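Below you'll find the structures, each written out as structure tokens.
Shared between the two complexes below is subunit A, which has subunit B as its partner in the first and subunit C in the second.
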Partner chain A sequence: MDIKPDLVTNLLDVHPDLTAGVMTGLAWYYLLAAMLNGAAAAYVAYMEMVSEGASRQGLTPRSRRLPDWLMVVYFGLYGVAVLFILAKGFIPKGIDALTIAYGFCALANVILAIAAGADAAHHAEVKDHGHGVGQEVGAPSLDDHIPAVGIGGPINRTLWTLIWAVCAVIFQAMGFVYILHGEYALPGFIRNAIDYVSGPTTFFTGATIAFFAMYKFRKQFSNGLVAWGIVNAFLLFFGLSMTDYDFRDIVTKPDNVPIVGLIVLVGFFTWLSLRRAVINDSRMALGLPNLEELEPEKTLTWPDLVYTELIAMVALTIFLVVWAIALQAPLEQPASSTTAPNPSKAPWYFLGLQEMLVYFDPWMAGVVLPSMIVVGLMAMPYIDTNKQGNGYYTIAQRKFAYLTFQYGYLVLWVVLILLGTFLRGPNWNFFGPYEYWDVHKLIPLNNVNLSEIFWVQMLGTRRPVNILIRELPGILVVLSYFILLPPLMEKFFFRKIRLQGGWVRYAVLATLILFMASLPIKMVLRWTLNLKYLVAIPEYFFNI
Partner chain B sequence: MAERPSVKDILAAARKGGAVKPTDAAELVAAPAPEPTLEATAIEATTVAPTVAAVAPPLGRPMTLKEKLAAARVGATPAAASAPVAAAPVAATASGEIEKAVPAPAPSLGRPMTLKEKLAASRGATVPAGASVAPAATPSAMSAAVPKTAVARELPPLAEITDPKDLAEALRQAGAKKDREVAGAIAKAAPVRPGAKPKAEAKTVPGRPSKTAALSESTAESGPSRRTVLKFPWVVAGWASFTLGLTAFTAMLGRFMFPNVLAEPPSTVKVGVPSDFAKEDVSERWKAEWGFWIVRTERFNGQDILFALQSVCTHLGCPPNWLAGEQKFKCPCHGSGFYISGVNFEGPAPRPLERFRVAIADDGQIIVDKSQKFQEELAQWTDPDSFLAAV
Partner chain C sequence: MSIAEKITESQVWKSIFRHPMPTDRRNRVVVMLTNFFLHLHPVSVKKQGIALSYTWCMGGTTFFLFIVEVVTGVLLMFYYRPTLEHAYNDILALRDVTTLGILRELHRWGAHAMVIAVWLHMYRVFLTGSYKPPREFNWVVGVLLLVLTLLLSFTGYLLPWDQLAIWAITVGSNMARATPGVGVEGPGASLMKLNGVSLITSGSDAKFALLGGRSVGEMTLNRFYVLHCVAIPLAATILIMIHFWRVRKDGGISGPM
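And then the complex of A and B:
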């Protein structure tokens, strides 16, 4: 019997990149992406674009109306699709009702995107010929959207309608490829390249750089168009990555699904608060009232808040019930004191702590640093002497507070959770997102203590027997870190804060900051010098 | 315009048993827009006020609930006729109806009231009602809103009353009169407070009771002193038994911390003769049940030795795995790595794995004793009990 060799490998391949189920899932995923982009195109083309605060200033009135026929066709096609899905049982075999339904949905998306784009283009043409809304050339016309103060210049609605329409069509085309069983996976060389560059060092350093870039370019980042572009890039990255077996395996674990949701939620709310802060800062710089002052109307606890809470509670309960039914509980083997799953992972919210434990002794990463986090959060209101930013979003008035808190929260906590969830594999080794979790992956991690580096490598002698002398270099380093740095920091960075709050407040603040900074510092030392502990006295369980 | 009483003052007033002086409440309602019409209603409110104010003077002790209710009833009387609503409905509808109840501000402002104003208005009306221990203020707030008819009407003599409502009203008035008399008598009996400065008079809320006055009052009473209380045998017995009980409970709690049955597995196990173990090999047979590996290696000090290595990571206590291909122990929790000798070399583990005591039994088998450990960093691995020379 003649068997094609590639067929054999396909049959034997226990880690298939693409299966029928995956391709169907991806087809619907891209349908969703196309739907979102179609909606974005229609929104830019037809809607009154009222950005935050713009209802008072820079309101763009509706210059065109969403045609009724478009809505009828759009929802009609989706309705037909739903009918096909509902009538699945009555349709004779040989006809795939789901594929037909998919076709109708896709048609609706494409029609919406194309109609919005075409309409916008036509309108722009009419306007250019002087029959439009009529304003002198060059000045923002009614067809340009003037975003909220601080979010860049006028937006050409025609252009951006077309861009999102094209995105919608592309996503829809990708979806069609999958529904018609086109096997299209992320090219291997891209996967290998990403795996190659990913490591704890690049991941953490990249996250830190991305964080400061977000801060630095916050005006651009808070622009809705840029943000939507990032969303699209993320959608594309996720969709392509799902064609990889190992990526899919990690992401779809019932344990890890919430983390995917966490990325979306944290990202969205960070962006939202940042955007409002950017707008507020720009408004206040112009002497305008901030957004929160524009909305002085307070609502009442009863009924407004209580009703909202009730509805949210009911909705969330339903959501949790559905989730619990849909995703099986990730139960593992019976507990045993002598065996542990490999990798052994803490609950997701403790994965940041677990990552800290890689770099510190348990009493440090498990007791001192978490206590410092809790105490530091409690101390915040007493340390903070900056009275600005009370009741409204702002970054410019609270730069230090914003940067410190967001770095601690986003980078030192959330990013470490992501790292622990998706990128830590067997033996707590680091694995790239597309890398197979090989138990035997060999990463040399020969770590040495500072005493070894100092006495043996630098001085070329044996380590002294006396523990205190042996660890003297480390002890000096740690002491000077905590004793010498605060005055230096005061001199160069925190003079204003010290003057406002006094020495006691400043001392507490400096201690907290130094403890917080100790984590990234220790990480960098581990990666660069393979440094295990600065002070290593295992005889008395004392290692720093 | 009177100063608005702070929450503290209102609470203090409530605690005293009196009320925020109703005049203030009336003024507060008028506060948002001091129009002439409103002034009138405020004055009307003050006409009602004295009846309540009579109750307010400090009694030298907190009012009893009964007295408070009586005070409330006295205040309620005028309003009750036209507005028999209790305090609760006022509070419930305050946000919505105050606008109606205080008609003046709306036209005068020439625009609907803002929420802030509404809240201020409702606070003026609801604060006394909210501090429901002193509901006396409510009626005055109400009367600020209701027309003049609110003033008490004449009731027929008690014997001729047929309407049960009137009867109840009459009884209420009679009771209130009595309460007033009692309160008046007590007020008269109370000494003049030395702390009552003129400023306190001007204040909207009765001042704090002076400490000295309170002390002089309490010493004036001829109650039992602390000493006599202590001598009272029942009290002593009660405290003694309470202490005893608490001690017993603490002891029981302490006992509860220790298990009834301590299933202590035998700490020694025989693992076979030394020749069973191959060179440079780790036997995992005893890991699952006993928690140690038997290791035979030359890589610790050049000699071919056998030892029992505890399978607990020295970082945080996870059980590492033996990776034969890499010839190392590797912890799944934080990535600590150990050579076959048990010496740590990668990851966060600060010290080598620990050895158990090993010995040769009479039958030639190796016996592992888990009750004794040997730690390298304490230089215990040189102890002859910590290893065996391989055969």
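And then the complex of A and C:
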């Protein structure tokens, strides 16, 4: 493959997996990944990870400092790199200042990772508490570290320092491959395999399974080391995927960039809240005050809150200005009411609703269900009569509310937005992450209505002419869903909630739950029975 | 007396701030009571309540982004004319000709960020159970603010008048056509008849009311412009004031009861 500058490839309208610009970008991307992992290795090796764990053991929470020589070397090398970048204009042609700067940064990352790994391995032999010159007796041991309550057993510092150090070196090596113009792209067979297994069914089912796995294994998931492993997997997946033209094309669309940010932010905050909830639940089970009760005293708003706000505003302003300079807002051809783009997509925050159009008619997906979301959100504080869990993170004390809301937000809202944005192409057909958006892709549409299944396939007769009789099976199904299920659910699942809140609250809750559940149910019916509509009265635009 | 002291002791300074610099405890209390902007806050707050790992700072971020949107939006209004003739070219000029050509970027990325920040703020409020009594009604106000944020973003999406804009709005507003009872392709619309004359037609249904026409056109641009620049920001401002006022009245930042 010969590498052309970006401008040429744009003019020729070819679709290369790797261009010079992409490879430079990837080199710096992996540099960042190596930097993060080097820092992680140093953090595990030198710092107190959760001082709360040590203090529970009666040990003084304390941090070791990075050795001075390491600090000087690390920041010195980064400083030299910055100097090279700043002095780019003065350096004679023929010498690539950026590549030299890259070399210095990479060297710093590798030295940090190796030093941290060697240091942790060296200290692993020292098993006693308090060692070395000037260390008080009772300092936390370096080999095993006790994390916060509820986050699992002692952590082997040496092992994890080495793991992150190795990750740092591998990422840095990958960065070097790209800065030296190595043309490594994700192998085609892996891409094809991923495209092959991708589909609305696997994507949505996978997300649902992942959600419940996260909940089931929340103690392991909320451990910082596991979470960092997931971050590394994501970094690697993203870096490798960016070597694919089609993946890059859709992910770097200016209006899609915020969604990449959304994934990162939602992921991080989901992890953070889960971690705090796990710690709180374990603490409360032991009779300890939860994290939010640790500092009950008040503090003056000036300066403690006012300064935080000021710093946040300054940081946000800088962030926005950098974002605005780096990425130009999209502006396509002037509006033309005759040439519709394919696919035509709503703004990204409505793409979950647009995805619902696959399973529901516009009056349901675009009007009724969004209204139910808004009404349901507003009704929530009035139907949730559980007095516990007010003002602190907890799962144990409000499992049902927590799970329902989080499933609705993460899977039925965010995941569907991702599906609608990144994986739906022309004609709203599904495309794998590395698949070319072919306008002519043909997907056989063999969906049938319930009336067809009931009268023709099951009874072997023709569908009745009278609309109401024709649709009677579907009407009965829908009516019994909304009328028969609530009492049954009350009997088997929600007795306590109904007793606490009364029938009116329960009726609202049951209706909302049933509307929410209608989406996954409709999906499963589509995937298994090819069901189009339960009730299909197109004569009156009434399809469910 | 140093120059700094001279300034802070002058009549002009004192008339504006009414007290010395908040360097001691008394003045740190007084400043919160006498400054119009600061008086949104209480004098003192729970330590746990202002921890970033608890609040994620997302409510404040949302409000700050709203202010960014107002400021950049007003500046954009100086350059932009909401007519078929000018809209697209004005946006082009904003990008290519105008000094400080990142104004539209700030506005657009700020809007995306605001949608995300609102979601994360509500996520946090839910996960900490902060919508529970006595804050039920403020959560409801918050949900309305979420709807207004999405509508602000949606109406603003049309204004550049490019292909991205009109087709996104077309896809979005096609839903209105299917509104039960009042959309021409919604269930029940064909039953809305008076003496055999249909009340709901493509010239009188919910979509027509939203767009000011049968399809996205100049009247839509005008309508969305007014909604985007005047009507929704006004409504949002009022709700934000209520939201903040209720935060104080309902006991400040939430915490274990």
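Everything below uses one rule, namely that the second predicted complex is superposed on the first by the 473 of 544 C-alpha atoms of A that agree within 3 Å, B and C clash if a C-alpha of one lies under 4 Å from a C-alpha of the other, contacts with A are read in each partner's own complex, and residues count from 1 in each chain.
By our rule, a residue touches a chain if its C-beta (ideal position, glycine included) is under 8 Å from a C-beta of that chain, and two chains touch if they have at least 3 such contacts.
What you see is a predicted model, and the numbers here were worked out from it, not measured in a lab.
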item	value
Touching partner for A:Leu445 - first (subunit B), second (subunit C), both, neither	first
First, second, both or neither for A:Phe189, with subunit B first and subunit C second	neither
Of subunit C and subunit B, partner touching more subunit A residues	C
Touching partner for A:Asp361 - first (subunit B), second (subunit C), both, neither	both
Partner chain(s) touched by A:Asn290 [first = subunit B, second = subunit C, both, neither]	second
Subunit B versus subunit C as contact partner of A:Phe492, first or second or both or neither	neither
Touched partner set for A:Phe90, first subunit B, second subunit C, both or neither	neither
First (subunit B), second (subunit C), both or neither touched by A:Ser273	second
Partner chain(s) touched by A:Ala324 [first = subunit B, second = subunit C, both, neither]	second
First, second, both or neither for A:Tyr533, with subunit B first and subunit C second	first
Footprint overlap on subunit A, comparing subunit B with subunit C	296-298, 300, 336-337, 339-341, 344, 354, 361-362, 366, 541
Interface residues, subunit C side, partner subunit A - complex	22, 25, 28-29, 31-32, 38, 41-48, 50-54, 56-57, 60-61, 64-65, 68, 88, 91-92, 95, 102, 104-106, 108-110, 112-113, 115-116, 119-120, 122-124, 126-133, 135-136, 139-140, 143-144, 146-147, 150, 153-154, 157, 160-168, 170-172, 174-180, 183, 185-191, 215-217, 254-257
Of subunit A, residues touching subunit B in the complex	296-298, 300, 336-344, 354, 357-362, 366, 426-429, 439-440, 442, 444-447, 532-533, 536, 538-539, 541, 543
Residue ranges of subunit B in contact with subunit A within the complex	95, 114-116, 287-291, 311, 314-316, 318-319, 321, 323, 325-326, 330-335, 337, 345-348, 350-351, 377-378
In the complex with subunit C, residue positions of subunit A that touch it	255, 258, 261-262, 265-266, 269, 272-273, 276-277, 290-306, 308-309, 312-313, 316-317, 320-321, 323-325, 327-337, 339-341, 344-350, 353-354, 361-363, 365-368, 374, 377-378, 380-382, 384, 386-394, 398, 402, 405-406, 409, 537, 540-542
